[in-house]
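Read from first to last, the chains carry the letters A, B, C and D; within each, the first residue is number 1.
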Amino acid sequence: MSFEHVQSRWLFAAVSLGLAVAMLMLGPGIALLATEVAIMALFASSLGFLINYGGMVSFGHAAYFGLGAYGFALAAAKLGLPLWLAVVLGPLTAALGAVLFGALCVRLTHIYFAMLTLACSEIVFTVLFQAYDYTGGDNGLTNFMAPRFGLSPQIYAALTVAIVALCIAFLARIVRSPLGLAIQAVGEEPHRAAALGFSPRLVQLVACVIAGTLAGIAGTMYSVFQGNAFPDYAGVGITIDALVMVVIGGVKGFYGGVFGAIIYVLLKTFVSRAFTHWELVIGLILIAVVLIFPTGIAGLLQKLGLSRTARPSGEQHP
Amino acid sequence: MKLKRGGLLLATLLAVGVTTGPVQAQDPIRIGYAADMSGACGSLVDGATKAFRLGVEELNAAGGLLGRKIEVIERDTKTKPDEGAKEVRDLIVNSKVELITGVCSSAVLLAETAVSAELKVPFYSAIGNSQTATIEKGQPYFWQTNPNVLMESIAVAEYVAANKAWKKIAPLAYDYEWGHTSVKAFSEHLKKLRPDIEILPMVPVKLGETNMTSYITAVLAQKPDLVYGAIFGGGLVNLVKQGKAFGFFQQTSLVTLTTVDFLQTMGGELPEAGLHGFARAPFTSLLDNPKVKSFVQSYKARHGKDPDDWAVLAYDGLMFYAEVVKAAKSTKADDVVKALPTVKYEGLRGSMTVRGLDGQMSAPSFVGAVIKDAAYPFSIMKGATRVDASKTLTPEDFIKSARAAAK
Amino acid sequence: MAAQLLNGLTEGMMLFLIASGLTLIFGITRIVNFAHGSLYMLGAFLAYHLMPMLGGSTVASFASAVLLSAILVGLLGLVFEVLILRRIYGADDLLQLIITLALVLILRDVVKAIWGANDISVPMPASLSGALQIGGTFLPLFQIVAFAVGLVVITLMVSIMRFTRAGVLLRAATDDRGMVALLGINQAWIFSSVFAVGCFLAGLAGALAAPFGNVNYLLDTNIIVMAFVVVVIGGLGSLSGALIAALSVGMVKGLGVIYFPRLSTVLIFLIMAAVLVIRSLGRGAISK
Amino acid sequence: MMKIRQLHAAYGRIEALHGVDLDVGEGEVVCLVGRNGVGKTSTMRAIVQELIQVTKGTVEFDGASVVGVPSHDIIKRGIGYVPEDRRAFASLTVAENLRVVRKGAGNGQWTVDGVYALFPHLAEGRKRLAGVLSGGEQQMLSIARSLLTNPRLLLLDEPNEGLAPKIIDEIIAAILKLKQERVSMLVSEQSLRTIRACGDRVVVIDRGASVFHGTAAEFLGNPEIARQYLMVSGH
C-alpha cells in the first residue's frame, strides 16, 4: 500500500469505497462492530504515525481522543451548539491540546517524552473526572443527542469508513510530502535532521499536531457513535489498547495500526464474550504474537511478499 | 434535533425490527446480563452474579416465566461505559434479549440506559444506582431497585441527627461526583434536622489511593465527633485499617457504607466501638421470614459464605421482574413498563413498589452501629434501623422541576 | 503540619520500596516494566496466602511470609525474563512493553481466579498494630517498621552497589550497557538477575504493605501509577533519585491534603510534568 | 589471525560498508586509514558486532567466523575493542572501571597492576571518577580496561584523536610496548603518526570499501595516496 504509484492510490480509493458500500449491506450488529474497528484503526494509525515516522512513542495519545470526544460533546450538550459545528469543534479541541502538550513534550526524547505525554493525558483525564460541574465527572455526558446522529448503524458505518479512509489517505500523503520526509528524518536522527536545516522541535511539533488532530477526529466520531462522552476516553487504557494495536499490526508504517485495530478489537470483543478469564487468554495471545511475529502483521505480510515496503524510506544511503 | 428524528426512526426500525418478530410461546426469555465483572466494580459484582444465577435456576426449576424458560447471556462490561453500551447494543441487536440488567457502576449505568431508551428494551439496575438516571435522565424503560445516593444520605442524616452527642461532623469523601453529591445531600438534610450541628470542611480523597494516612491525619486534626465517610470498597478497608493504627476510633467515630462484603473482608478486625454503618441489604437485618431464610440458606449452601448486600439486591431485582412479567402476562417492553408501577412486590427487603414517574423502587436503607456478634465470624450491623423509603424517596415535584431545568 | 510532614516521610519510604525495583530494572535493562504493580499485588496476595501457613498473624510469621513472598515473586520474574523477555532484547522497545502489558493482564486474571475478586484483608500482627505518640501526633508502629525496612533495603543496595563487583557491573551497565558487553561480559545474566531483584523488591513492597491496607486485584493499576511518578521525578534508573522523589512526593501529598485538597490528584502529575520540563530546560542550557 | 573478505554492513536500512577486505597477522600492527566518515569506525564495529549488522561477507578470527557471534563472546575469543569515543563509565572511578572486567579473563597475562604500570597516570588517579578525566586519561583508561580482557588482537579506533601531542606520545609509546608484547593491533588513523611509529601494514578505506593494501613503507613512500584519501597531508 505504498502511495508513490498512481495505481495504488486508485486501489486504495476503490477498496475504501468498496468497504464503505459493503457496510450498507451488513447486519446492524456487525455494522456497529465495524464502526468501532474503523474508529480505532484511525486512532491507532495516528499513534503509529507518531511512533514509526516521528520516532516519538507516546503513552498519552488518549488525551487527544478524549479531547476530541469532549470538545464535541461539551459543545453539543453544554453550549447547545448545532451538531455540525460541534463536530468541527471536537478535532479542533484536540488540535489545540496537541499544540499545547506537543510544545512541552517535544523538548524531551525517548522514554522521557513518553512519560511527559503520560502525565499530560493523566491531567486531562483527572480534569474531566473531577470537574463534574462542567464535564459530568465520571457520569460523563449522555443523552444529549441520538447516537450516530440517529443514523442507522449501517449508514454510520459507511460514513465512518469513508472518513477514516480519507484521513488515512491524508496521512499517506503527508508521509510522502517533504514535510513527511522531514518528520522521518527527525524521527530517525534528530541531529542529522538539524544539520539539514530543519528545526527538529518544530517538525516534531507539527507531527504531534497532525497525530493529535486525527486522534481527535477518531474521538469525535466515537463520541457521536456512542452518543456520549466519558473520562475513560482520555484514560490510559485507550492509549494502551492503541499501543497494542500498533505493535501487533507491525511497528513499521502507520497502516499497521489498521491491521492491529481489526485484529485487536475483534480479539478483545470475542475473547471477552467467550471466556470468563478473557484477560488471561488475551495476555497469552499477546505474548505468543510478539514471540512468533516480532515484526507484527505488516512485517509478516512483507515477508510473504504481500506488501512491498514495510516502511517507506525517506532517504537511502547517507 | 427534529431533523434527525427520521434517522432515529430508521435506526430503530433497522436495529429493532429484527427483534420484534413473532415470538413462540416456547422460546426462552433471553436476559442480557451485562455486568462489570472485571475492572473497578469486579469485587462488588461477584456476589450479585452468583445470586442472580441462583434466582434464574429457581425460576426455571419452577417452570420458568409464562411457561418460558429463562436464558441468560452474560457479558463483561469491564466497568467501562463504552464497553457496557457496546455489549448492551449487541445483546439487543444480535442476541435479541428482552431485558438488560447486571450493571454496577453508575457511569456504565448511564451509558446503558441511553441504549435501552434508544432501542426500547427494558433495563433495570439492582446493584448500581444513579439518581441522574432516574431524575434528570429518566426514561420509561429503566427502573432501579436499590436506593440511590440521595435516599441513602437522608437515611444516614436521620440516624446521625438522633445522636445528640455528635455536634461536629467532618465529611471525608471520594473526590468525584458520587462523593460530593452524597456529602451535599447528607449535610443539607442534617442541617434541616439539627441546625446546631457544625459541619466541617470536607476532606476529598483521591480515588484509588492506597495510602490514606494523610487524609486520616487531616480529618483527625479537625477534632470531629463523627466522620461521615463517603468511601467504599477497598478504600474503606484502607481507611479503617490505617485509621486503627492512628487511634482513629479512640478519637472519633465513623459512619460509612458498610455492606456485608466489607464486613466479611474485615473479619474480626473491625473496632469494638466507634463504627456506624449504612447499607442497602444486610442479610442480618432482613425480616425473619421464610423467603429470606430460604435464600440465605441456599446461597450459603452453594457458595460457602453468607450473601452480601449485592447478592440480596440482585436476587430481589430479578424476582421483582418475574412478578412484573407475571402481572403483564408478557415480556414485551411496553407491557412490562405498563405493569411496572402496579406490582406490589413482597421481596427479601420487605414490601416495595416502583414509582411510575422515575422508576425508583421504594427500597429501604439500613443504618446502625457495627458490632461484633458471636453468631458470625465478622462484625454486623446488629439491630440496624430499617429506614423506609417513605422517608427518603425524592419528592415528585423535585423530580419534575429537575427534569424541567435539565431541558 | 509537622504531623503531615512526618506522615509524608513514612509514606514516602513505602513509595520508595515500590519504586526502587522499577527504577533498578529500567536503569539496567531499559525495560519499562508495566507489570511492576502487578508483581506488587502478587506479593500482597502471596503474603495473605502464606501467613496462615507460617503460623498466623505473629510478627515472625509475617516477616517470613514477606520474605518468602518476595522470593517467590523474584523467582517468577526470573522465569519470565529467561523464558520470554530474553528472546526479544534487541527487538523494538515497544515489544517489551507489550510483553509486560500481557503480564499485567495474565497476573490480574490469575490472581482473580485463585483468590477471587473480593477485597481481602491481611490481619495486622498484634504487636505491630499500635502507635507511637509524638506530641499530639500518632505514628503507627507499622509505618515505623516499614520505614526501617526501607532503610535496610537502601543500606543493602548502597553497599552492594558501592562495594561488590556485581554493584560495579550494575553501575557500569547503567552508564553504558553496550560497553559492558564489549569488555567480554555476557549481559544476559546481568539482565536476568536485575530483573529478578527488581521483581523481588516489588513483591517485598507488596507483601510488606499488605496488612496496612486493602488487597485486591485492582492494586496493580493503583500502584503502578504512583511508582511511575516517583521513578520519573527521581530520574529513570536512579535509586538515590527515587528515594528523594518518594520522600518528596509523600510530603507533598501530606501537605497537599491541607493546602490544596481538591488539587491533590492532579498535583502529582503537574509536578511530574514540571520536573520533566524543567530538567529538559536544564539539559538544553548545559548543551549550549 | 583475522581475515575479512568483502564485508558489507548496515545501520538498519542504511548501508555503511560495501566491500572491505582486511587481514591482520600474528603480532602485526595494521593501520586503517581514511577520511572522516568513510567507514573506519563501522569496520571496527562490524568486527565486534556493535550497533551495526553484517549483511554480507566474512569476518574470520583464528579461522572461525565471528559473524553473528554475540559481542561478549567475540571479546572472550581474544579481540579487544577500544572505541573511538572511549566510552569510559563516567560515574565509576578509574579503579571501578577496571574492576568491570572479570579477573583473569583470557590468558590472564594482563593484571590491574600491569596496566597501571603501563599508564602510571591512571594509577595516580585511580580514585577519580572517569567522567572528570581528561580525554587522554580516558583514552588510557579505555585501553587499559580493554587490555584486562587479555586480547590477542586489539582494535584501537582513532586512539589519538583530539589529544595533545604530549599525550599522543604516551599513547604511541604504549602501542609500541604492546607490539613488543606481541599483541596484534588494528589501529584506525587520520594522521600518519602511528603508521610512522609502529605500523606494519596499511589499509585505506574510502566510501565504505577498502581501496589500498600495502606495507607501511609502500604507503609512506607514495604521498599521492595519502593526499587522495586523507584529509591531511602527511606531517
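Rule of thumb we're sticking to: a residue touches a chain if its C-beta (ideal position, glycine included) is under 8 Å from a C-beta of that chain, and two chains touch if they have at least 3 such contacts.
Bear in mind the structure is a predicted one, so any value in this text is a computation, not a measurement.
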Neighbouring chains common to chain A and chain B, by label: C
Contact-richer chain pair [B-C vs C-D]: B-C
Most distant chain from chain B, judged by the mean position of its C-alpha atoms: D
Rounded Å distance, chain B centre to chain C centre (Cα mean): 36
Between chain C and chain D, centroid-to-centroid distance (C-alpha), Å: 42
Whole-Å separation of chain centres (CA-atom averages), chain A against chain C: 32
Whole-Å gap separating chain B and chain D, where each centre is the average of the chain's CA atoms: 74
Contacts with two or more other chains, residues of chain B listed in rising order: 37-38, 175, 207
Residues of chain D whose C-beta touches two or more other chains: none
Shared-contact residues (touching 2 or more other chains) in chain A: 130, 278-279
Residue numbers on chain C that touch chain B, as the complex places them: 3-4, 7-8, 10-11, 14, 108, 112, 116-121, 123-124, 129-131, 137-138, 140-143, 209, 211-214, 216-219, 221-223, 225, 253-254, 256-258, 261-262, 264-265
Complex contact set, residues of chain A against chain B: 27-29, 32-33, 36, 129-130, 132, 136-140, 142-143, 145-154, 222, 226-228, 230, 232-233, 237, 269, 272-273, 276, 278-279
Chain A to chain C touching residues, read off their complex: 51, 57, 104, 107-108, 111-112, 114-116, 118-120, 122-123, 126-127, 130, 240, 243-244, 246-248, 251, 277-280, 282-284, 286-287, 290-291, 294
Residues on chain C engaged by chain A in the complex (per definition of touch): 26, 30, 32, 84, 87-88, 91-95, 97-99, 101-106, 108-110, 112-113, 225, 228, 232, 236, 262, 265-266, 269-270, 272-273, 276-277, 279-281, 284
Chain C partner contacts - residues on chain D that touch it in the complex: 48, 50-51, 70-73, 75-76, 81, 83, 87, 89-92, 96-97, 99-102, 105, 145-146, 148-149
